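There are two complexes below, and they share chain A, which is joined by chain B in the first and by chain C in the second.
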Partner chain A sequence: MSDPILSIRDMRLEFDTFDGVYKAIDGVSLNVAPGEALGLVGETGCGKSVLTRAAFGLVPSPPARITSGEVLFGGRDLLSLREKQLRSIRGAQVAMIFQDPMTYLNPVFKVGTQLVDAIIAQQKGAIARRAARDLALEMLDKVHLPNPQRQFDSYPHELSGGMRQRVLIAMALAAKPKLLIADEPTTALDVTVQAQILDLIAELVSELGLSVIMISHDLGVVAQVCNRVAVMYAGQIVEDAPVADIFDNPKHPYTLGLLKAIPHPLRPVEHLAGIPGSLPNLYTPPTGCRFADRCSHAVPVCTDGKPPLMDLGAGHRVACTLYRKEHVDA
Partner chain B sequence: MLEIEDLKVHFPIGRDSAVRAVDGISLSLGAGERVGLVGESGSGKSTVGKAALRLLSPTSGRIKIAGVDITKAQGKALRHVRRKAQMIFQDPHSSLNPRMTIFRSVAEPLILHTRIRGRALNGQVAALLERVGLPGQFLHRFPHELSGGQKQRVCIARALALDPTLLVLDEPTSALDVSVQAQILEFLKELHGQRPDMTSLFISHDLAVVRFLCSRVAVMYLGRIVEEGTTEQVFAAPQHPYTRALLSAVPLPQGRQSGNRIRLTGDIPSPANPPSGCPFHPRCPEAIAGVCDVMEPVFEQSGAGTSVRCHLLTRNAA
Partner chain C sequence: MLKLIYRRLLMMVVMLLGLLAIMFVVANVAPGDPARLAAGPDATRDMVETIRVERGLDKPLPQRFVIYLGSVVTGDLGTSIHTGRAVLHDLAIYFPATLELVLFSIGLAIVLGIPLGVIAAVNHNQLADHIIRIFAVSGVAMPMFWLGLMLQWYLALELNWFPLGGQLDLMSDPPTRITGMLTVDALLTGNFAIFLGAVAHLFLPALSLSFPALASIIRVNRAEMLETLNRDYITNARAQGIGPLRIVAAYALKNALLPTLAMIGLRFGWMLGGTVLVEGVFDWPGVGLYAAKAAISSDFEPIMAVTLVLGASFMLANLLIDLTYAALDPRVRAQV
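Right, the complex of A and B next:
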């Protein structure tokens, strides 16, 4: 495999709060290969958004503190860079799209103006306004926005949610970034529109040879776009596998639990199994496996120390003591 | 139990136009039935739910709960109906008063509608919370001390306080994580098992959730029902092109995706200015030019046993 485009190594991140130190990310390592679409899945508060934001210096410090780790991107450790250097990477080489497209568009400027401004900023002024305008229109066409010329002169409120998200995708990809981070890009959209946007992202990924990190709470969404999935729980990665393996051959009890909790739209389901209990308190996280007290397979060893991510072969990694034993026995 | 007849809810904008949020819906729920109302945002499904309990006044049409016409009911008559008909909303946080303890929130309907007080009240509230799976230690906490799933359980306990015969649930699990959603859905299913006479109108955008919980389903598009039938019929053999597209748009949590998916283009049109003819025709992949854009289809029985509002049905039958 070629060198990863992004490599997060043993990242730890804490927030200083009045209630104490909140250990949001605990020793996460993650690689994204060129052209790979990685899904980052987990429930509210698992740290999936904060991980990717912190990697690119988007989590304000204080209160956040990155206590260890490296983020290698384009041969440089992002964590050692200064804000100014980071700014030249963000937008130009890494682009982000978010859940609520309206929040990221200024309501008082026309869509076209914002796109052109963004393009000029991405290229650090090395592009004429006219050329930027042409590029903006080309990008709007590329994201299949109907009638780009007209939308160019529209205000954000005149567009629907799906169209706004297309505009943001156009803005994100105008600088031809190497990596796109999509943070719940379709959560605010209706299913039929969501399907359109997911198709678009999948199409652009293969056309532009882009790497993607797709953050979502919805395993179904990730299944459509990604070729690899990392499941996060309470600030750690518990399983990391090719997309087919996550669904057909899930290993970690948490992944299994998540899959059993989803009602299937095309099959009748008699019973759903929720995962009992709730997230551990991350001010004083358990020293052992963080899922142990909700896990139906837990054994006494589980509370004895954090299980490392173990390689089960074929790119499937899981952090669960149960598989350590299996390995030893085999 | 709940009868909705040709319900229209229009919200005026300016002098001479209106958002036709609900534009002629008829739906009838028998006692003990669990009916799902599915649709995308802007389809009017929540408006139907609110109008059914008269939280909104209908523009025209009739609403009957347990045989009593409440379309124009006011004051005491309305209050009487509301004892037996309760609603649960999407966001449990905004439907609980942040300054009331859990005890107080759950006791509120009992204080308003019954004469139960004192020790009997305490006992009843504790029993209600117990029933939704919240132990006694929660009684004196405030909403901010609870997680989303726990808050939704409190809302359910409050809705159950007066032993309602009709529940309207408006996206009760949409704000929750899947593992918590599963718990709440399981609980609701269990509840219906214990109380087979309780009727539910379950409003959701999530087809999978409706499939899990409901015996009958109605699909809404732009203020109208486009297809209605038993859950099995609708999911096994959807007849309306919109239902088919909706089902095929749901991202499935599995490794391999089936190849032939129906993709809709564009968005839901504005209900202030709905398209002529069939409201779905501009997005419909199978629209018949000269028919669908001119004439509005009527409800017809399809071969699969569902009621469908689509011209294709007539054409295919001919």
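Right, the complex of A and C next:
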């Protein structure tokens, strides 16, 4: 396997708040191989957005504090870089698209102005305004925005949600980055528009040969775009496997619970299995497995210490005491 | 856009009518007999009554208001008892001085207030922010006449850096009167020495008058910048690699300016009222001082006229603010 394009190693991140120290990310390690589309799933508040934003210096500090770990990208540890160096990586090499297209475009600037600004920043000023404008129009065409010339001179409030997300995708991909981080790009959109945007992302990813991290709480979305899935729970990765394995052969009780909560399209829905309980308090996280008190398979050892991510072979890793060798053998 | 201006100007006429009505009632329930004052201390009862009839002061209040409005429309604002001149003539002399003072003050407050608010927000909870905040809180808390007196005492009297009061040194000849604003006239006639003298005289009263406005502009702009810098579109701009200068000075500030503008409009109104105090302290020959003197001598028509002029200025300034709103925010433009 070739060297990963992005490698996050044992990252820990805390927020200093009035209520104490909130331990949002606890020892997360993650690799993204070139050309790979990794899905990062988990419920709201599990730390998936913070993880990827913090890796590229987009979480304000204070209140955030990265207490350990490294983020290797392009042969450098991003956590040791200054803001100015990070800025030259963001946009140019790593593109991000976000959840709510309504709020991620500046309401008082024209769409075209924002596109041109972004392109000039991505190219570090090595492009004339005229050429940036041409590239912007070309990108708007590429994301299948009808009548690009007109949208270029529009303000964000004049566009629909789907159109704005297309604009944001055009902005993100104008510099032909190596890695795309898509943070719930379809959550805020209508179902029909969701499918179109997902198709568009899939199309552009294969055209540009991008690596992708697709953040979502929707396993269906992930199945459509990704070839590998990492499941996060309460600031930790609990399972990491090829996408087919996650659906056919889930190992972690939490992943199992998530899958059971998806309604089957052909069977009548009588009862959807939820996962009882709620996320643990991350001001004082449990010392053992963070899922233990919601887990129907929990055994006394589960609360003893944090289970490590164990390799089960074929690229399938899981952090659950139940799969420890001594347990499996016994 | 033209429709908006037209509509607002029409509204202004209605509001000014209301303002005049309120002032008219207040002036007439206030103690003091204008007829007796006009007649002078030695007048007999008959003479006072003659003047009362002559000036129409014997008629019922609503009728007098209608008569007054009629003369205002034809440009006759009455006669000042205490200067003995037509009020319109007095305003032509005094209003430009007030306008000069107020425009200079609000300009100072805007030019200093917006950058200071931005600097405080960008350095949130750091030393620069703390210093600017202390400065701003003291500005909001301090009465402007007191600040004026202190500035006058220390900077003018003790250090002798600035003149004590007035518009120009006694020795210098005022420039040819064009706009009535000394600094502008001095520049128009190319008289640079007089210009510097006029600015020196303008500085302390303008500083006193602008300080509370400066403080609130800083506070509002700082708070708005802090909020705007946390918005999603700023995160997106940063994710694109856009530099901090462009993010702060354009992407964030243009959004943060909208609420700040509302505060500027409000503070402009307070400033117009504040001229009465500050012009008194610095002996500035504007309508504030003119109105104060008129009020003391129950000189009713100048007070009405000053109210009218200041009210109209306030409304025009706010129309200007609304137009700036529309220029900054396309969503406002879309609603017009």
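Following the convention adopted for this analysis, the second predicted complex is superposed on the first by the 323 of 330 C-alpha atoms of A that agree within 3 Å, B and C clash if a C-alpha of one lies under 4 Å from a C-alpha of the other, contacts with A are read in each partner's own complex, and residues count from 1 in each chain.
The rule we apply is simple: contacts are C-beta pairs under 8 Å (C-beta built on N, C-alpha and C of every residue); 3 or more make two chains touch, one makes a residue touch a chain.
On a predicted model such as this, the values are computed, not experimentally measured, just so you know.
In the superposition on chain A, contact of A:91 is made with chain C only, not with chain B. Applying the stated contact rule after C-alpha superposition, one finds that A:117 touches chain C and leaves chain B untouched. Judged by the touch definition given at the top, the superposed model places A:199 against chain B, while chain C stays out of reach.
Within the superposed three-chain model, A:244 lies in touch with chain B and out of touch with chain C [touch as defined at top]. With both structures placed on the common chain, the touch criterion links A:162 to chain B but leaves chain C unconnected.
In the superposition on chain A, contact is made by A:103 with chain C only, not with chain B.
Which of chain B and chain C touches more residues of chain A: that partner is B. Comparing which residues of chain A touch chain B with which touch chain C, the overlap is empty. If you check the complex, the residues on chain A that touch chain B are 43-44, 146, 160-163, 190-196, 198-199, 217-221, 223-224, 243-248, 257-266, 268-269, 271-276, 278.
Remark: chain B residues 40-41, 147-149, 177-186, 205-209, 211-212, 232, 235, 245-257, 261, 263-268 touch chain A in the complex. Across the complex, chain A is touched by residues 230-233, 235-243, 246, 250-251, 254-255, 328-331, 334 of chain C. Taken together, the chain A residues at the contact with chain C in this complex read 53, 56, 58, 60, 87-92, 95-96, 98, 100, 103-109, 114, 117-118, 121-122, 124, 155, 157-158, 168, 171-172.
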